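There are structures below to look over.
Heads up, the next two complexes both have chain A, just with different partners, chain B and then chain C.
Showing the complex of A and B:
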């Protein structure tokens, strides 16, 4: 579904991503783990078209998408839930979820997409008429992901979905993400802590200073004590 | 509830006003109707999309001159055709102008719209043969719905048929705008106002939607402008001058840009207030400056915010 090959990204003069290669197949949940500033968000933003790669290729279902405008990438079925959630505060919860059903018509009917979003996050159903500013941090995270889901995405990019949430809500959100994974899109989930990587993750990439330093199955990390410091786990 | 009751009372008052034998007040409201239509458009751009234009008068003038050219040069007197032509001209002009302007936001957008407005002003002012220069162009009395109404004198025409005609166009414009704001287009525009980058990631083509808002605003501006010049019988270059654009922004702030009916209220109150204050003192601009300052500082949501304080204040 998604493939990055040797992607280089500069922000102003700084070389942020160095030859990053990453793949996510349909139905896979791929985790990108690294410390703050390692390049996780930059990777996702490059896929989303906010940043133009200086080198390498980004393809979606075999089609190159590097250099396309962000809205065109979204229209091809890439849902993005950024770390800061960026829920539209002036729009109600229902309007927030409804918006992508208009911007990306076709595929599943709008009603079904909205229903799926509420099925995954039943808690939001009760808040449908509330404004986006009247939500807690966790609810904003949920809404941000629900809205990306309403785009009917083939690929879903989740940037640190568990960051800054109360420990009480994390398992609930984890179950929701598992439910989304069962719906079939490829998911790339960025996390700064290995403890936030869901047990059902298909594969794992570890990124450090803009380079992918490990790619493989979660259990393969055990043989790599050098990475323990990066991913925050006593291996 | 109170707002709805007040609104109904205001509608009834507007409907009955011509029958009350107050021809002066009745003619006074005619420009307010024209402005209200133009402001509904301006508010789609500012209140809904978050782009503040300081050149909206360009389109008001465009509508005014379209009416002048059609009625006095081309012999087209039907007001329906004049309004449609004004709308079409607005689309033709706003397309390319908007393409340039919507590449920018905030102050840069404002300054560019100001620049285009002043360009058009200079054109109207300097191309004497085409536009009549500073003398402007005459706007002849239009024919309403195919009825010449030549037996009516000017006051009777304006306070009777034309008053109701303009009110009907305003009602129609408000209904169309209301549907637009509630449509997927309106939803996308509101998402752009809040966070354009985020809207983009949800598949909203930000530039295209901003352009759409710009063109729709221009159409409303031109239709309002065409109605505005009928009572005065004159289209002159000052219609496009930057102070006229400033007045439009003033009306919007006065009425309240975050309420659907803010623009309409702003236009009516501005016109009535201007009439009162001008008759009292020649320093009316000074007083209006003070009023604007008070509105911005103490009533950022305008008069509509005072009447309808339910919603949270705009951040």
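Showing the complex of A and C:
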């Protein structure tokens, strides 16, 4: 579904991503793990078209998408839930979820897409008429992911979905993400802590200073004590 | 009518984050186009009472310049405000020259056409019915804008875009199209405002610049980016002006600035500033 090959990204004069290669097939949940500032968000933003790669290729379902405007990438079925959630506070919860069905019509019927989003996050149903500003941090994360899901994505980019949440809410959100994974889109999940990587992750990439330093199965990390300090202890 | 121009300014600033000085020029252009359109219509034998739809039509038709102007402004969206002010002020000067070239420097008036609707007595005052029509029209446009922003899909997309452009793009919103339409709507508010006001006054070249000052006063009082603020601010400025002219004409502009300063000191974000998430 998604493939990055040797992607280089500069922000002004800083070389942020160095030859990043990464793949996510349909139905796969791929995790991108690294410390803050390692380049996780930059990788996702490059896929989303906010940043233009200086080198390398980004393809979606075999089609190059590097250099396309962001809205065109969204129109091809890439859903994005940023770390800061970026819920539209001026709209209600229901309007937030419905918005992508207006901007990307076609595919599944709008009602089904909205229903799927609520099925995955049943808690949001009770808040449908609330404004986006009247939500807790965890609810905003849920809404942000639900909104991306209502885009009917073939690829879902989740940036730090568990960051800053109370431990009580994390298992609940983890189950929701598992439910989304069963619906079939490819998912790329960025996390700064290995503990947040779901056990069912298909593959793991560790990024450090803009470079992919490990690619493989989560259990393969065990033999790599050098990576422990990057991704968190207790391997 | 100040409300219309201020609403246009608000809408464009809220969504596109550019301060458009040229909104005053759209107002002036609307006024001149209104004069010409009504004269042509009357010369063509149109009955005088139909001048109102002609004015509305002239204002709306002029909004076609919106997409072209928006295209011109596109390179400065991400620039410093000083660039925006410079470029839009350049537009103001250019439009002034266009008006001078097409309509000359003499004021243009429509005479007493607006009295064809008669006059009504409100208490001790005699008011031309047309003025009431204009007020009703402004209120209707205000209500229409409110409905459009709150209830329509495009209005919701516009609000989402105003709040977080990047995220709206990630949701598949094509910014170029939204900007072009929003800007055109802002232009239409200005040109219709100018066209509607013209029967009761004269079209003069300075009206654009004069209005910008007042529109900015409205925006400062009401709060930048707020539609309700534009409405309330326009009412305040309008009433203060009217009272000042009736009681102590010398302080007309001063009174407005006193309010502006008071608002800036007491509520720097404006009376109806939106709480940001």
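We take it that the second predicted complex is superposed on the first by the 235 of 235 C-alpha atoms of A that agree within 3 Å, B and C clash if a C-alpha of one lies under 4 Å from a C-alpha of the other, contacts with A are read in each partner's own complex, and residues count from 1 in each chain.
We adopt the following convention: contacts are C-beta pairs under 8 Å (C-beta built on N, C-alpha and C of every residue); 3 or more make two chains touch, one makes a residue touch a chain.
Note that the structure is predicted; figures quoted are calculated from it, not measured.
Superposition of the two structures on chain A shows chain C clashing with chain B.
By the document's definition of touching, both partners, chain B and chain C, reach A:99. By the touch criterion defined above, A:10 lies against neither chain B nor chain C after alignment on the C-alpha atoms of chain A.
By the touch criterion defined above, A:90 reaches both chain B and chain C. Comparing which residues of chain A touch chain B with which touch chain C, the overlap comprises 48, 50, 69-71, 74-75, 80, 82, 86, 88-91, 95, 99-100, 102-104, 133, 147, 151.
Across the complex, chain C is touched by residues 48, 50, 69-71, 74-75, 80, 82, 86-91, 95, 99-100, 102-104, 132-133, 147, 151 of chain A.
Chain B makes touch with chain A in their complex at residues 184, 187-188, 190-191, 193-195, 197-206, 312, 315. The touching residues of chain A, when paired with chain B in their complex, are 48, 50, 69-72, 74-75, 80, 82, 86, 88-91, 95, 98-100, 102-104, 131, 133, 147-148, 151. Interface residues of chain C facing chain A in the complex, by the touch rule stated above, are 153, 156-157, 159-160, 162-164, 166-175, 274-277.
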